[in-house]
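Each of the next two complexes has subunit A plus one other chain: subunit B in the first, subunit C in the second.
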Partner chain A sequence: MSKSRKPAVCQAGSASALPPAGPQTADHTDSPGWVLRLSAWLAVLAVILLFVMIVAAALPAIQISGPGSPLDWVWQPGQGRYGILPMCVGSLALAALALLLGWPLAVGLSCWLLTEENFKFLPLVRFISGLVRFMTTVPTVVYGFAAVFLLTPFARATLGGTGMCLAAAALMLVLLVLPTMTLILMAGLRPRLERLCPWGLALGFSRFDLMRFFVLPRSGRNLASAAVLGFGRAVGDTLIPLMLAGNATQVPGGLSESMRSLTAHMALVTANEVGGAAYNSLFVAGLVLLAVNTAASLALRRLVRREAPAGSSAKQAATA
Partner chain B sequence: MRRGVFSQALLRWLLRLCALIPCAAVLFLLGFLIVKGAPQLGLHLLFDTVPPLDALLGRRPVWDGLWPACAGTLYLVALTMALALFPGVGCGLYLAEFAPPRQAARIRLAMDVLAGTPSIVMGLFGFTLILFLRHSVWPGANTSLLLSACCLALLVLPVVVTTTSEALEAVPGSLRITGAALGFTRRQLARRVLLPAAGPGIWGGIILATGRAAEDTAVIMLTGVVANAGLPAGLADKFEALPFSIYYISAQYQDNDELLRGFGAALVLLLLSAALLLCSRWLENRFRRRWQGVS
Partner chain C sequence: MKRGILAALLLLCGMGTAFAAAPATPLDAFKGQKGVIDIAGGTAHIPVMKEAAKQIMEANPDVRITVAGGGSGVGVQKVGEGIVQIGNTGRALKPAEVEKYGLVTFPFAIDGVAVAVNPANKVAGLTKAQIKDIFSGKVANWKDVGGADAAISLYVREDGSGTRETFEERAMDKGTSAAGANVVNSNGAMKTAISQDPNAIGYVGIGHLDKSIKGVNVDGMAPSQENAASGQYTVTRLLYMNTKGEPQGITKGFVDYIFTPAGQEIVSKAGYIPYVKK
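For the complex of A and B:
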C-alpha cells in the first residue's frame, strides 16, 4: 500500500512545487490506463460489430425484388416465396394489443401502489410491490410453459379453434411487460407526488386526488416512456409468441386466430434450416426488429432524459 | 356532491381491481407451477435412477433427468459471466470515473441501445458471426457453447455496465475528496477506494446479470443449444440448457412423466432466478444502507 502511494505523493508534491516541464512530468497515473480503455473499447466495439453484422447480412436480401423477395406477403418456402410482411403485421398486432391491455393496467397499478390510504390495505400494498419486482425476474419460458397448460385450454373453450391464438399470447405478454412499465411509472410519479404531499394533504386533498388532478396531467412524458418501454419489450420477446400464438404464417384477422411474430419466425426458421434463401428473410427480420427496438430505446432515452435530468432511478427501472 | 363521492369510491375500487387482476393471474400461474412441480423436486428429477455421485463426476450419462441441462446452464452462465465481467465492470468504471462528458454520453447511448436489443437479435448476431467465420477464415466453425456465452455476455453487458457506474456514482463525494487530499492519483483512488466502496452495489448488478443469463432462451436457441447433448464436452460443443429443455418439453412431450419433468424444470428455473434476485437485492440494500442511510 505504502509502496504504491509513495510516487503519487512525490508527484503531487513536485507538481505543485515545480513549473510544468515537458512531457516527462505528465501524470500518467491520472489517466484511466490501457486496461480500462481496452474494456470500454471492447464494450463499444461489440455493439458496433452487432450492428455491422446484422446490417451487412440483411442488405443484400432487401435488394432482391420479385416473388422471392423478403418484403412480400406470402411465406411458402416450397414455392420459393419468402415474404415476412405477415410476421411484421403479426408482431405489431401482438405488441399493440399487449400494450392496449397492459398500459392502463400498469398506470392503475402504479397509482394504486402510490396512493392507497386505507390502513387495512397497506400490507397488501407492500406485498404487491414486492410481487411486481419479483415478476421482472420470472423467466419468459416459465410464463409460456404455465400458460400452455392453463390459458390455452381456456382460450380453446371460449374463443374456439386450437387455443393457440393472438389473444392468449397477448394476455401473457401483458404479464411480461406490466412490471417494467409499473416500475418506470412509479420511479417517475413518486417524486412528484411526494413533493406535493405535505401542502396538498394540508389543503385537504387526498393522495388520490393529488395524483388524479395534479400529478398525472403533468406526467405525459413519463406515461409515454412507460408505453415505449413496454412496446419494445413486447416486440422483442420470443418465447411467449412462439409457444402460445400458434405460428401460422398469416395476417391475424381476429383475436382467436393463430399468428406468428417476427421473433418466433426467426426461432423457427433457424430450427428447421430451410435453406439458403430462407436465411435472407431471417436477416431482414432481424434488421427490422433491431431497427424497431433501437428506435424505441432512442425515444425512451430522450423521454427519460428530458423528464428527469438528474434522476437515475427512472433509468435504472428502464434497464432493470 | 354525493355523486362526486360515489365516483371517487368507484375510481378507487377500479384502481384496486387494476392491481389485483394481474397479481392474481401471476399468483395463479405460479401456484399452478408449484403445485405441479413441487412433488417432482428431488434427486430423482435431476439424476433419474443414476447414482448422484456417478452423474456428478460424469461417469455415467443421465438420460431421463435434468442434470445435463442443469450442468449446461451452469457452464454457460459461468462462461458468460467470465466473458462479461472484464468489459462490463471496466467500462462501468471508465464511464463513471474517467470518461470525458461527450465520450460518456456516447458510451451510455451504446449501452442504452444494447439494453433495448431483443435477445433473439443477439442470437441472430451469433448466427451471422458463425456464417461469416465459416465463409472466411475458419471453415469448421459451428454453433457452440462458447458462441452462446459470447452472445449472452453481450446481452447482459448493459446491466453490468449500468449498475457498476451507478454504484460508483452513489459513493459519497467526501470519499473522493479525502482520497484526493491524501494524495491519491485518480487511478489509485478508483482502484483502492472507490471500487471496494462500491463493491456490494457492483456485485448486486453482476448477480442480476447472472439471473438474466440463466433465464434467457432466445439467444441460445440460435447459437448452439440442443435437446440431447449430455454433459457439455468442451467449449466448441453443443450443450443442453434448462430454459431450452422447458421449451422443448412443452412442445414435444411424449408421456406424462416427461411432462411432469417439464414442470419440475420450470420450478427449478423459477427458484434459481428468484434466489438470484433476492441475493442481488440484499447486496444492493446493504450498499445503500452503508452509504446513503436508510433507503
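For the complex of A and C:
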C-alpha cells in the first residue's frame, strides 16, 4: 500500500462498486472526527502489533539451523525434527486446488444469478441466492462432520487410499469459499450491470451479453478480490483439513494422498504441547500463514492495478 | 506428599465432630461449601470428571463444576497458570512442567490402549514385531500379516497425545510412526475412521472398544480391562489429575471424591480401571 495512493486505497474494491450515492457523500470538506481517526489508528496499530509479535516470537525458532530447524522437510518431534515445510506445501496445494475449483464456479454462479431473465427460473434464482447467503453461516465443523460420513467413503472408493485426502478436503473447502466469493462478486457486479441495463437492453443486448461484453472485462479488481478472499478463507480454515485431509506430515504426492495444512498442524500441536521446540515452531507456522495471506493480497492488488489504469477507476469513483 | 497427608489428617480432625453426627458419605465433604471448580485437559478423563461433577452438584448445588477438554498440554498449561483448579493429563508430568508450575499429580485410573481394526477385517491377532512393521510403514499390505490382499490404511494419534505415547512406547518399543500415516485427534475420531475404513488399523483406549471396531490381540494378549488390571495386557497408561500445589477446599474435596468407592465406581463405569495408590 503506497502512500501516494491514499485516495485510491480508500476507494478500493467495495467503494467503487457501490451504487451511485447522493451528493452528500461526495462532500469532502467534512473532516472525519477524531474518534474515527483514533479508531482507524487503533486498528492499524493492532495489525502492526500482531505482525511484530509473531515475528518476534518466530525469529528465535527460524534462526535454528540444521535438523531442529522449523524450515525443514521432516516433522518428527520424537527425533528432534520440527520441519513445517511439508505443511506449508500442503496448505498451499489445498487452497490453490479449492480456489481452482471454486472460483470459476463462483463467477458462473454469480453471473447466472444476476443475468437470469427467464421468468420460469426466477423462483429458483431467489432460492439459490438465499441458499448462498445461508451457506455463509454454516459452521465449517458441520461440513467436516457430514463429509467424514458421506465424502470420505466415496473418495476411498473412487480415488483409492484412505479417503482422507487432499481432494476430499479441497472439495469441502469449495463449499466453504463459494458463498463468500459469490457474494463478493455479486456485490461488485450487480451495480455495474444495473447501470448499463436500461440502455443496453434498449439496444437489444441481453443481460448476459451486457455482463459478458461490458461488465466482466472491466471487473478485474472485483474478480481478483473475490479470489483473494476465497484464498484467504481456504488457507485459514482449520476444521475441514483437520477432519478430512488425513493430517499426515508429508508433502502430498497426489489428490488421493493424505496431507496436513498449517492450520490443522497448529491445532494438533497446541492440544498437547506447551513450550518447547515443537511449540515454538508453531510461531513460524503462524508467520508463514500471515505472510502468505499478505503476499497474495498485495500481489493481486498490484496485478489488478496494472491491468486497469488508475485513471479509469478514479474517473469511476468521481462520477459515483 | 507427606505434607499432603498431614494436611488431610488435620482437616479430618477438624471435621471429626461433623462426621460423628451423620453417617459419612463421600459427598458430605461438600456440605455447606460454596464455590467453583474448573477442570480442563485430557479428553479421556472427561466422562469421569463429568459424572463426578454431576454427583457433587446434585448433592450440593452451591458447588459449580465446569469440565472442558483440550488435551494433556492444555491441562498442564491451564492448571499451571491458575486458570483452572484441576488440569488433567493422560501422561505423567514432565519434570520441567512440575518444576515450572509446582504441580502435584494424582494418578486415579489405568487405561489400556488397544490396537483396533475394522470389524470386517479377518486379522485377529498381531505380534509386536508385526505391529511395529505396520505402523512404521514397512508392511503396507494386509496379506503380509495374514489378512486379505489390500493396502493397509494407517491411523495414528497426534504427537504428544497420551494414547499415542503409550502405544509407541509399549506396543512399538519406542518406535516411530510412518510420516504418511493419517493423524486423527481424538479417540472418537479414531473410532469413526476405523469403523468407516475396511482396511484401517489404529489404536484407541480400551474403554472405547465396542461393536464398531475390533480389538486385536497383541502377542496373544487380549485387550480387555480385566487383562489390563491384572497386568496381563501391558499396553497401558495412567490417567492423572493435577493441581497447582496441594489442593485446597472443594478442589481437595473433588480429588478425594474420585478416590472414594463411589468415585472409583464412576471410573469403572467410564471404562477405566481405578488406580489404587500403593
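Here is the rule we go by: the second predicted complex is superposed on the first by the 238 of 320 C-alpha atoms of A that agree within 3 Å, B and C clash if a C-alpha of one lies under 4 Å from a C-alpha of the other, contacts with A are read in each partner's own complex, and residues count from 1 in each chain.
What we mean here is this: a residue touches a chain if its C-beta (ideal position, glycine included) is under 8 Å from a C-beta of that chain, and two chains touch if they have at least 3 such contacts.
Because the structure is predicted, anything quoted here is derived from the model rather than measured.
**Student:** Would you sort A:Asp237 into first (subunit B), second (subunit C), both or neither based on which partner it touches?
**Tutor:** A:Asp237 sits against subunit B, while subunit C stays out of touch.
**Student:** With both complexes superposed on chain A, which partner does A:Ala267 reach: first (subunit B), second (subunit C), both or neither?
**Tutor:** A:Ala267: touches subunit B and subunit C.
**Student:** For subunit A, which side has the bigger count of touched residues, subunit B or subunit C?
**Tutor:** In the superposed model, B touches more residues of subunit A.
**Student:** Taking the superposition as given, does A:Ala291 touch the first partner, subunit B, the second, subunit C, both, or neither?
**Tutor:** In the superposition, A:Ala291 touches no partner, neither subunit B nor subunit C.
**Student:** Does subunit B (first) or subunit C (second) touch A:Val148, or do both, or does neither?
**Tutor:** both
**Student:** In the superposed arrangement, which partner chain does A:Ala46 touch: subunit B (first), subunit C (second), both, or neither?
**Tutor:** After superposing on A, A:Ala46 lies in contact with subunit B but is clear of subunit C.
**Student:** Taking the superposition as given, does A:Leu59 touch the first partner, subunit B, the second, subunit C, both, or neither?
**Tutor:** Neither partner.
**Student:** Per the definitions at the top, what is the overlap between the subunit A residues touching subunit B and those touching subunit C?
**Tutor:** In subunit A, positions 148-149, 242-243, 267, 270-271 sit in both the subunit B and subunit C interfaces.
**Student:** Hey, which residues of subunit B end up touching subunit A in the complex?
**Tutor:** Against subunit A, the touching part of subunit B is residues 8, 11-12, 14-19, 21-23, 25-30, 32-33, 86-91, 93-95, 97-99, 106-107, 109-125, 127-129, 131-132, 154, 157-159, 161-162, 166, 169, 183-188, 192, 208, 211, 215-218, 221-222, 243-244, 246-247, 250-251, 262-263, 266, 269-270, 273-274, 276-277, 281.
**Student:** Please give the residue numbers of subunit A that touch subunit C in the complex, ascending.
**Tutor:** 74-79, 148-149, 152-153, 156, 160-164, 242-243, 246-250, 257-258, 260, 267-275, 278
**Student:** Could you pull out which subunit A residues touch subunit B in their complex?
**Tutor:** Its residues touching subunit B are 1, 4-5, 8-9, 11-13, 27, 29-33, 35-40, 42-44, 46-48, 50, 53-54, 57, 104-105, 107-109, 111-113, 115-116, 121, 128, 131-150, 174-175, 178, 208, 212, 232, 235-239, 242-243, 263, 266-267, 270-271, 279, 282-283, 286, 289-290, 293-294, 296-298, 300-301, 312, 315-316, 318-320.
**Student:** Touching residues of subunit C toward subunit A in the complex: what are they?
**Tutor:** Residue list for subunit C touching subunit A: 70-74, 76-77, 80, 96-97, 151, 153, 155, 158-161, 168, 176, 179-185, 189, 192-193, 196-197, 199-200.
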